[in-house]
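Next up: the structures, one after another.
What follows is chain A paired twice: with chain B in the first complex and chain C in the second.
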Partner chain A sequence: MDESAPLKILIADDSDSDRLILKTLLKRLGHMVVDAANGHEAVALFQSETPDIVLLDALMPSMDGMEAARHIKKLAGERLVPLIFITSLTEPEDLAGCLEAGGDGFLSKPYNRVMIKAKVNAFNRMRLMHQALSDQRDLMHERNRQLLKEQHIARGVFDNVAHTGCLNAPNIRFHASPLSVFSGDVLFASPRPAGGMLVFAGDFTGHGLPAAIGAMPVAESFYGMAGKGFNGADILREINQKLVRILPKDMFCCGAMVEVDFALNQLNIWNGGLPDMWLMRSPTERYSLPSRHLPLGILGPDQFKADMETVRSRPGDRLLLMTDGVLECSDSEGQLFGEQGVRRAIENAGLSRHPFDALMSEIQRFTGQHKFGDDLTLCCLEMVDEAGQAALPDAVELSTLAGPTQWRCDYELQGSTLGEFNPLPLLLHICMEVPGLRRRSGEVYTLLSELYNNALEHGVLQLPSEWKYTPEGFDRYYSERAKRLSRVDGHYIRFSFHHDLTALGGRLRVVCEDSGEGFDFQNHPVLQATEMAQSGPRYGGRGLALIKRLAKTVQFDKKGSRVDVVYEWFF
Partner chain B sequence: MPIETHRSHDGRSLTIKIEGRFDFSTHQAFRDAYEHGGRDVSGYVVDLSDATYLDSSALGMLLLLRDHAGGDSADIVIQNCNNDVRKILTISNFEQLFTIR
Partner chain C sequence: MVDKPHLDEEALAELQDVMEDEFETLINTYLSDSRDRIESLKKAISDGDAEALAHTAHSFKGSCINIGAPRLGALCREVEKAGQDGRLSDVQPVLDTIDAEFQRVTDALHTLMAGGAE
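Let's turn to the complex of A and B:
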């Protein structure tokens, strides 16, 4: 806006001569003038002409200057129209009255050209500044409105990619703010093809759009891979590698992955930078599971460690995971809730209260607020018998005869690949091309994974399953497993698939052979028993028992290092 | 001044001392500190003895410094952290990337 641009000035004075002098003066200064002889006229002209500045005589007949000033200020609303009283009054009370009526300043009679010019310029500067501020404020409001609208649309898109999966399963309780994606928190859960669940909680550094954009590929990798049967470690490696590539150096994602196996009552967990998770067994028995890894998106693929910690659980155990928004809640004095707050809440929960409710209400009590900040995510997962077995959504129903029905395939893993690569998603994928098998993806996956794990752990790695019977042995089993996996040169595991149609459906024959020494299948209790009456946590035999239950026939030879399984499906 | 720097006698080590809150508000100053720290600096010391608080954007800044100092071959010591600060570094397992003492 130009300070020297001509202004439209409204003047009101009942003295014709004074008015003419003032009008002439202002015109010579280059301004446009509209003039009124009393307050009524002035108000009417203000409405019709919308002047930039108003000069009012204080004393006029038929509505005086003060009355007119009140009307004019009311009409002007938010707009700043400087209103200057022209007066010969000198009493402070009278002058104060002018200001109270809405006047911004005074000009005294008789008129002085220099003073009039200076006053008009000064008030015009004020007017322009006010105008600029109002425009900026309006622009900011508009931008903010636009931004919020965009965030809601983006949220909709994000929800389609990063849906909540099976978070609504009966064994999960969670709190996540509706707009938390823009604060950088994510929480996903997915059922696994062979049963069980995967849960991921993440907390991106930074807020707003960058965090939300980082969260998208995490969601895509998580749900895409979980549905295909990849395990937690595979998904973590993929997410980490993606984030390293796309995020700026100073951004990363603290996260935790939990692989839940309800059948084995076992949790595999990985915590990189999130607060301690808590496994709660009873009011007095609980374990903290601290972060043991760097957050995701920092280390390159060669240094990143996705090893998950195996924790044995019991039905009824509850696992609590949270982002650091929980620890960073503060009370009215700025004190942080912290780890002590979490401990206090779960210690006081007792028998009757769900730890999730106990923690939520303790946070509410502490902060004195019923609404939480955007960046607070809390999730509690309960171990239940065969819980959350929400099956994968049925794929589009294809004709059972479409797709490959007669085929064979050999696949052999060799040497160090055994320790680095999980072939199950790939093998499952091949089998899932057969529509009749796709409807039984859980069973097929279980079959393949039991065959593979038997071949790897008991065949190639020669790990005695008895170790798993005791808690100490259990840890030893998994540490020894990791150690032996680094020395698998010369070993192999070979899968041969053969699929064919039968009169009633189809038959999948899987031969799994490994380079290990085999085992005494002749005297193995599971293979001998006609009824699989199992007592106690016999982890070792469970795999074989499962295979026996699912398959039509199971045959061992080569001293147990070759197993031949026939699985049938029906139209 | 929330951030002070000084170089060792041989000029090879740069100490960056942070006072008060180490968070996003110190971003530019922290960056300036190591970017203008001198050419032949080969090691960095981040002195947190007067730092009261550290948030995740500060962790991000430490990662930027690490990248500036050569990534995996960076020689960076973080020293004199108070318990709260130490705890945050521990949860994120930053001792795998920095020498913390």
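Let's turn to the complex of A and C:
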């Protein structure tokens, strides 16, 4: 704004000669003048002319200057219109009265050209500064409003991508701030196609928009891949690779992945940079599961290790995972809650209290607050009977296209690929092209994964399932598995699919053949028993039993290294 | 007490400078305004309205000082003071002096304008 730009000035004086002098003086200074002979006229002109500055005689008939000043200031509202009293009053009380009525300054009679010019300029500067401040304030309000609106929209988009999945399952308790999108914490859970679930907790460095943007691809990868049957390690590799590519150097994501298998009563866990997880079996028996990896988004794909640690569990066991926000809670003196706080809370939980409640109330007691920081995420999941678990909903929308109905497909994995690649999502994907099968993705996935795992672990790797019966054998089983996977040259697992329509639906025939030595299927208890009354954690047995239950027919040949399964679906 | 000049030559010269062509209008406005004000002063006395008296005298004083008639302004100040103090009985002699002084100022201003027009 130009300080020397002409102003519109309202003057009010009941003395005609004085008004004429003042008007002329102001005009000579280059300003535009509107004049009034009393207070009433002045107020009316103020409304119709919206002048920049007002000069008012303090004493006038028909509403004096004081009263006119009050009206004018009220009409001006937030706008600063400097109001100068023209007066020959000298009593301090009279002058104070002028200021109280809203006056910003005085101009004394007789008029002095130099003084008038200086006063008008000074008050104009004040007016312009006020205007600039108001404009900036309005701009800031508008920006802020815009920002909040954008965050609101972003939040909506984020919620669609990073929904809470199956976090509301009865075996999960969790605390996540509703504002966590912009705090950098994420917590996702998804059922797996063949039962069980995947849980991911993450904590991005930094807050606000960058953290929220980083969380989007993590959510997308997690839910997308989990639903397609990828395992935790596959998803971790994908997330890591994405984050390495998109995040700036100083940003990464501490995270933990938990693969929950209720049927096997087993947890596969991966902790990269989050606080210790706790597996709680009873008030006295608990294990900490510390971070063994760097956070996600740091190492390149060739250095990143997604190996998950397998932990046996029992029904009723509870796994507690949390982000740094829990440890970083502070009390009124700035002391941190820390790992010892967590330990204290779960040690004191005793028999009657759920460890989740125990930890939450201990944090509240410690911080003295019922509402704590945004970046505090806590999740407790309980091992339950699979029957109580909802599988992946079959409500997957059906394609309007009929999809392929008559097709064959052979797929063979060879050599070292057997140790490196999980073919199940791909195989499931092929089968899911058939709408009739898509509604049964859980069953199809279970079938394929049991066939594949049997072929790999018992066929190619020749691991005896008896090992898994004891805790020592369990560890041996998995270390031997890893060892043998590095010596699979010359081996193969071959899947042959054949799908055809029947009168009532369709039929999928899957032949799974491996290069192993097979097994004595003639004398296998499951295959002989007419009832599936299996008891105890007999893994190999469970797999076969499941296949028998799901499939119409199961046939073994080549000494058990070739399985022929027919699965039927109906309209 | 009233020892000020009838006309403030310096102030009038400045006004002439500022007003240019409108100087005459200004003087005529002042003179007719002042006649009204003197009537108002007289009315206030006959009404016994001390406040109106002080008020009018105050405004009249301002105009006089602005136009460059300081002696008349000083007389107005006396009336204003008397009005403020409620001494209406003291005012009549001052008012007579104002009448006379106003006549002098009128004549002087007319002379000034006549001179300026030459």
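Quick note on the criterion: the second predicted complex is superposed on the first by the 368 of 571 C-alpha atoms of A that agree within 3 Å, B and C clash if a C-alpha of one lies under 4 Å from a C-alpha of the other, contacts with A are read in each partner's own complex, and residues count from 1 in each chain.
Heads up, the rule we're going with is that contacts are C-beta pairs under 8 Å (C-beta built on N, C-alpha and C of every residue); 3 or more make two chains touch, one makes a residue touch a chain.
Just so it is clear, the model here is predicted, and its values are computed rather than measured.
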| item | value |
| --- | --- |
| Combined model on chain A: chain C and chain B, fit or clash | fit |
| Touching partner for A:273 - first (chain B), second (chain C), both, neither | first |
| Partner chain(s) touched by A:298 [first = chain B, second = chain C, both, neither] | first |
| Partner chain in contact with A:249 - chain B first, chain C second, else both or neither | first |
| Touching partner for A:518 - first (chain B), second (chain C), both, neither | neither |
| Chain B versus chain C as contact partner of A:59, first or second or both or neither | second |
| Touching partner for A:205 - first (chain B), second (chain C), both, neither | first |
| Gap in Å between nearest CA atoms once chain C and chain B share a frame through chain A | 61 |
| Residues of chain A touching chain B in the complex | 205-206, 249-252, 254, 272-275, 290-295, 298, 303, 324 |
| Chain A to chain C touching residues, read off their complex | 14-18, 20-21, 24-25, 28, 59, 61, 88, 109-111, 113 |
| Sites on chain B touched by chain A in the complex | 56-57, 59-61, 63-64, 67, 72, 91-94, 96-97 |
| Parts of chain C lying in touch with chain A, wherever the complex brings them together | 11, 14-15, 18-19, 22, 25-26, 29-30, 33, 55, 58-59, 61-63, 65-67 |
